[in-house]
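Read from first to last, the chains carry the letters A, B, C and D; within each, the first residue is number 1.
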Amino acid sequence: MRQITYCDAINEAMLQEMERDPQIFVYGLGVPDHKRIFGSTKGLVEIFGKDRCFDMPLSEDAMSGFGLGAAINGMKPVYIHIRADFLLLCMNQLANMISSYRYSSNGMLKAPMVIRVIMGRGWGQGHQHSKSLYSMFSHIPGLKVVLPTTPYDAKGLLISAIRDEDPVLVFEHRWLYWQTGEVPEKSYTIPFGQPNVLRTGKDITIVATSWMNVESVKAADILEKRGISVEIIDPRTIAPFNVEPIINSVNKTGHCIVADNDWVEYGFSAEAAALIYSKCMGNLKSPIARIGFAFTPCPTARHLENAFYPNAINIIRCIEEKLDLSPTDLTGEDFYSHENRFKGPF
Amino acid sequence: MCLGIELYKKMYLIRKTEETIIKYYPEDEMKTPMHMSMGEEAIVAGVCQSLSHDDQVFGTYRSHALFLAKTGDVCDFFAEMYGKDTARLKGKGGSMHMCAPMSGFMGSSAIVASSIPVALGAAYANKRAGNNKIVATFFGDGATDEGVFWESMNIACLMKIPIIFICEDNEFAVHTPGTERRGYSSLPDIIAKFNCNVLKGVATDVEEIYQTTMEGINLMRKNQMPVFLHFKYYRYLEHVGIFEDFDAGYREKEEFLKWQSIDPVSRQRSNLLSNGYDEKEIENLENEIDLMIKTSIMKAKLSPFCDAEELFREVCR
Amino acid sequence: MRQITYCDAINEAMLQEMERDPQIFVYGLGVPDHKRIFGSTKGLVEIFGKDRCFDMPLSEDAMSGFGLGAAINGMKPVYIHIRADFLLLCMNQLANMISSYRYSSNGMLKAPMVIRVIMGRGWGQGHQHSKSLYSMFSHIPGLKVVLPTTPYDAKGLLISAIRDEDPVLVFEHRWLYWQTGEVPEKSYTIPFGQPNVLRTGKDITIVATSWMNVESVKAADILEKRGISVEIIDPRTIAPFNVEPIINSVNKTGHCIVADNDWVEYGFSAEAAALIYSKCMGNLKSPIARIGFAFTPCPTARHLENAFYPNAINIIRCIEEKLDLSPTDLTGEDFYSHENRFKGPF
Amino acid sequence: MCLGIELYKKMYLIRKTEETIIKYYPEDEMKTPMHMSMGEEAIVAGVCQSLSHDDQVFGTYRSHALFLAKTGDVCDFFAEMYGKDTARLKGKGGSMHMCAPMSGFMGSSAIVASSIPVALGAAYANKRAGNNKIVATFFGDGATDEGVFWESMNIACLMKIPIIFICEDNEFAVHTPGTERRGYSSLPDIIAKFNCNVLKGVATDVEEIYQTTMEGINLMRKNQMPVFLHFKYYRYLEHVGIFEDFDAGYREKEEFLKWQSIDPVSRQRSNLLSNGYDEKEIENLENEIDLMIKTSIMKAKLSPFCDAEELFREVCR
């Protein structure tokens, strides 16, 4: 099948959906400018015009309410944030208004709005341009939270998000934009609440979100050479979060790591671990390990950033500990790094 | 003449409905915090009269008057105050979160200023649909302290969005007067520097308010710039609740008496009379409304509550 | 010892601290008005004047930054929110600025700011005046989160919060304002990270936050008559969260309920459960139960509110299930309700 | 004359430091996103010259110029750009989050408009302390779209807070021109309706900017109302990064050339010369600064990184 990038998959989803439904419009800071949100909005303003693809003043709070208002009046807004941190300016509309408009109108009005959010490790971006934040929204009833990892998921989940009748936040990791994978040309949806088994294995289960799936696959590749078989499950949507397939996996392997692209404390890894434990108690051979960011604001210097972000090596060491393995010799292994393609801010 | 009586009916319905709340609230069956509209009737009546049925309004937690002026649906109103199954919202909204989209009442919010940008987006959708609908968003003077008010004004003026901003200025945010909240002397003077149509007035003459709003709408149709209406009025009761609070010390009863002497409802009644309207006819209309209110509240009291499973309906996941 | 209310304990802490340190000031919407934040700020404007106790325009975002600016310049702001929901307007300053100012200035500047937040079940208050939200802040490094339950804690923890060199959010439940308890007249502090054992027991451990402690005590009282002995632990601060005493308790009792005054999903109960499981795996005789709000926006009608909020009865039923007890006959039991003292908005 | 040369030195330091960044950035050792100040030098130099050492400034992610104008500390500057242990921030801040409180540089933020209310609070603390310190908060034209800007203006004017708001208007927010962001024609005209002192100018004549600022400060000392300064300038380089971007299509090179012909740095140099300053002396000063920059960057390159444990320092819990 055709291979395209994650970025192009997003772009194709936008194009096909806007083609399909004239009520869809896309807006946000810089959406139609020549950088086109890292390329993910390319072609939209040319094809659909300035009415359906537009920029705005820097007013995140009002822009959020604006989307809600258009949504309850029958439109399908897609609001893009180039950094997840900017969502903090939208919290009132997101958690006091958008999340509850349907409920408080007892279903007479709905808010089918999509919020595309780019997160991800920068390049000395620092503490205000590096947050993930998705677990916060998962705590609010009325919001759906989606984390596509593969190009296939990026397209299918975004299309599902746009067709959903409720507000959906889609978090895209900047580093995933360059990943390639098989993506059908025709339009398709992926139902929410269906985890994706990225790799089957029998020795340990990794539940990974977003970019951490890439790190997990790398770790699994390396350990496979030693005969260790790792199962990797990507929940893909964390609200709704379907933990069943994960429970089955952990009951099989007896070990579990939750590798989350966020702070560990009070994040997705807490909810995931709590649910897994509750259903796997007798079968767990070791406590669930939770891997995530260091619990500090994100520093800028590269060596501190390296200490802040978890990666495949942390996962390997964690697996070794759980399975009582000697440390793998990692010399000569080529770990993922954007050093060479990625200079300047993401 | 017909207009004058329409306006009066709206205001009378609002006033009497709130008087009925005051009567029944102490029974403790309407378990929802009441932010009363008393004193404000002319603004919502005048503005809503100038709107068509399909035009849309957004309100705040203080929206009894707006809801009744736009929908006239006192039956649904009381059903919701009592949290009953017969209410459209089935007790999910209460006094602060009313909603009746089929009549253009698009919702009200208890977070100050938060429905302003929502109204903006709704109006944008109308513009894109080319349906000629107008959106009117009501808010207090306190709401203009919030950043989102300024963001929304700017966007509306920039994008030429068909929206009317109505600032209902009662000089207080809860108990804090404007003088302790404003770093400027006149809001309309500032807003006039935006690309919009600014009109203002004192809000107890309902016909004048109607005329002012019509003028604003005509301007907007001509120049496509949003309208900003600024009306002063006086809040008769405490911020929340059914009592007066002139003993609290933050405002003077004299002020109230001054405003009461130009009370919007009785003023319009006198107008009608002096314009030759027959008092008997007015009384007939009043009686009809009284009866409607009475029936509504009785129906509400007698209606059942929804089943508890309703809690989980209309929320995703 | 002297018995006073939770509200008076807060008020006394404010008075004594403002007396001690002239750099402290208190501000927020309605802070000096005649209602005095349900009485908790009474006397402050009279004693310390309008310079140290003041109102502001409705500008929560700017007011948050305002406190931060005063704090880095040596003052000690105490910013009061009469509803937790209003924190959503402050998220940018809280999570992008206040939380990280010390870190990003490498300690050259500190932000010793206190944010007092009132949460709690209203009286048909609805979905925009009923959120708890504290778990969101616990997810952000650089913020401390405190949940006093008793009048003793209310005073001691607030004084600790004010003397802390970092930003602290103190969440006060409105229904607790009427609780009375022993409170020393003199000033005292309670260190963060010291859970309070409200009741010792051997059959089951309840970890409860804020108001849920009152419900838990009620449940324990009732079950005690059947010979069931319940241990109740109040973490008091959830950031920092010291789970050690809880772990010891659960290892002893073998059963655990986390009763949180918030939504279950992605909330405190997730973090607590994940940590407890990880250290009690072998000793747990049943999965940890998580009790909290129904995962919906809060409705207004009383019967729906009753279904939304958990209470002592839910806790009793949960304990019975865990300990395999027949249902307790609850007729004649007097459950907590504010019906009679509490009319109108909280 | 002495003033003129002081101003020139500030601007020259900024310009040359940024030229040095452009030279070394491609080596890929300064791993931090650079929002360059080129074109803006006169504003920060003029304003900072009118401030005393103890006065305080707050900036944005585009604060190279402000940092250097206020602190003069190019050594710390480069150490931080390289993320080295010798920097005060040890690599926790980078280009967007500089900080040097001992010199009155109180921080800069990468969230647009977010340091405006912080500056306000700092100024309030100064007022309460009665220390006569002034706070100056710098922000772009884009920041004025944000609600918090309006909230902060209002509070400052209401509470008579000793603060200078400086809007550095380069007509763009990233690539979006003011015409696509503003629902009004003149910001200073709107702000003038608040209770504050509004002054404006075009920002390549550094002495004029200095004078304007001094005038603002004098007004503020007299009437206790905050100052709002509005200066237009031109951003020479792309929004972020070290290159020109006239091929991107959102702005014209002609515009740049027009502004370049009144470049603040060369303009002030010519001024000095035509006012009789000796070119040799200027060159000496320039050489001194060149040397200082050279030394600073070399020291930065040679310095070690801090240990990784530093990651966990200065954060609570």
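Quick note on the criterion: contacts are C-beta pairs under 8 Å (C-beta built on N, C-alpha and C of every residue); 3 or more make two chains touch, one makes a residue touch a chain.
Since we're looking at a predicted model, the values are computed, not measured.
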**Complete:** When each step joins two chains that touch, the fewest steps from chain B to chain C total 1
**Fill in**
Chains adjacent to chain A and to chain C under the stated definition are B, D
**Item:** Chain of greatest Cα-centre distance to chain C
**Value:** D
**Message:** With centres defined as the mean C-alpha position, give me the chain A-chain B separation in Å.
**Reply:** 42
**Prompt:** Distance-wise, how many Å sit between the C-alpha centres of chain A and chain D, to the nearest whole number?
**Reply:** 36
**Prompt:** Where the CA atoms of chain B average out and where those of chain D average out, how many Å apart are those spots?
**Reply:** 46
**Asked** Residue numbers in chain A touching 2 or more other chains?
**Response** 56-57, 59, 61-62, 85, 89, 92, 96, 100, 103-104, 126-128, 141-142, 239, 295-297, 299
**Shared interface positions of chain B, touching two or more other chains** = 90, 92-93, 97, 109, 111, 145-148, 151, 154-155, 158, 180-183, 315, 317
**Prompt:** Viewed as a graph of touching chains, is the assembly arranged as a line, ring, star, complete set, or other?
**Reply:** complete
**Prompt:** Where on chain C does chain B make contact in their complex?
**Reply:** 29-30, 33-35, 55-62, 85-86, 89, 122-129, 294-297, 299-304, 306-308, 343-345
**Item:** Touching residues (chain side chain A, partner chain C) in the complex
**Value:** 85, 88-89, 91-92, 94-96, 99-100, 103-104, 126-128, 131, 135-136, 138-142, 239, 263, 265-271, 273-274, 277-279, 281, 284, 287-288, 290, 295-297, 299
**chain C-facing residues of chain D, complex** = 56, 88-90, 92-93, 97, 99-102, 106-107, 109, 111, 114-126, 128-129, 147-148, 151-152, 154-155, 158, 313-317
**Prompt:** Within the complex, which stretch of chain B touches chain D?
**Reply:** 145-151, 153-159, 180-186, 189-190, 193-196
**Message:** Can you tell me which positions in chain B touch chain C when the two form their complex?
**Reply:** 28, 31-34, 83-84, 90-97, 109-113, 142-143, 145-147, 173-176, 180-183, 240-241, 248-250, 305-306, 308, 310-312, 315, 317
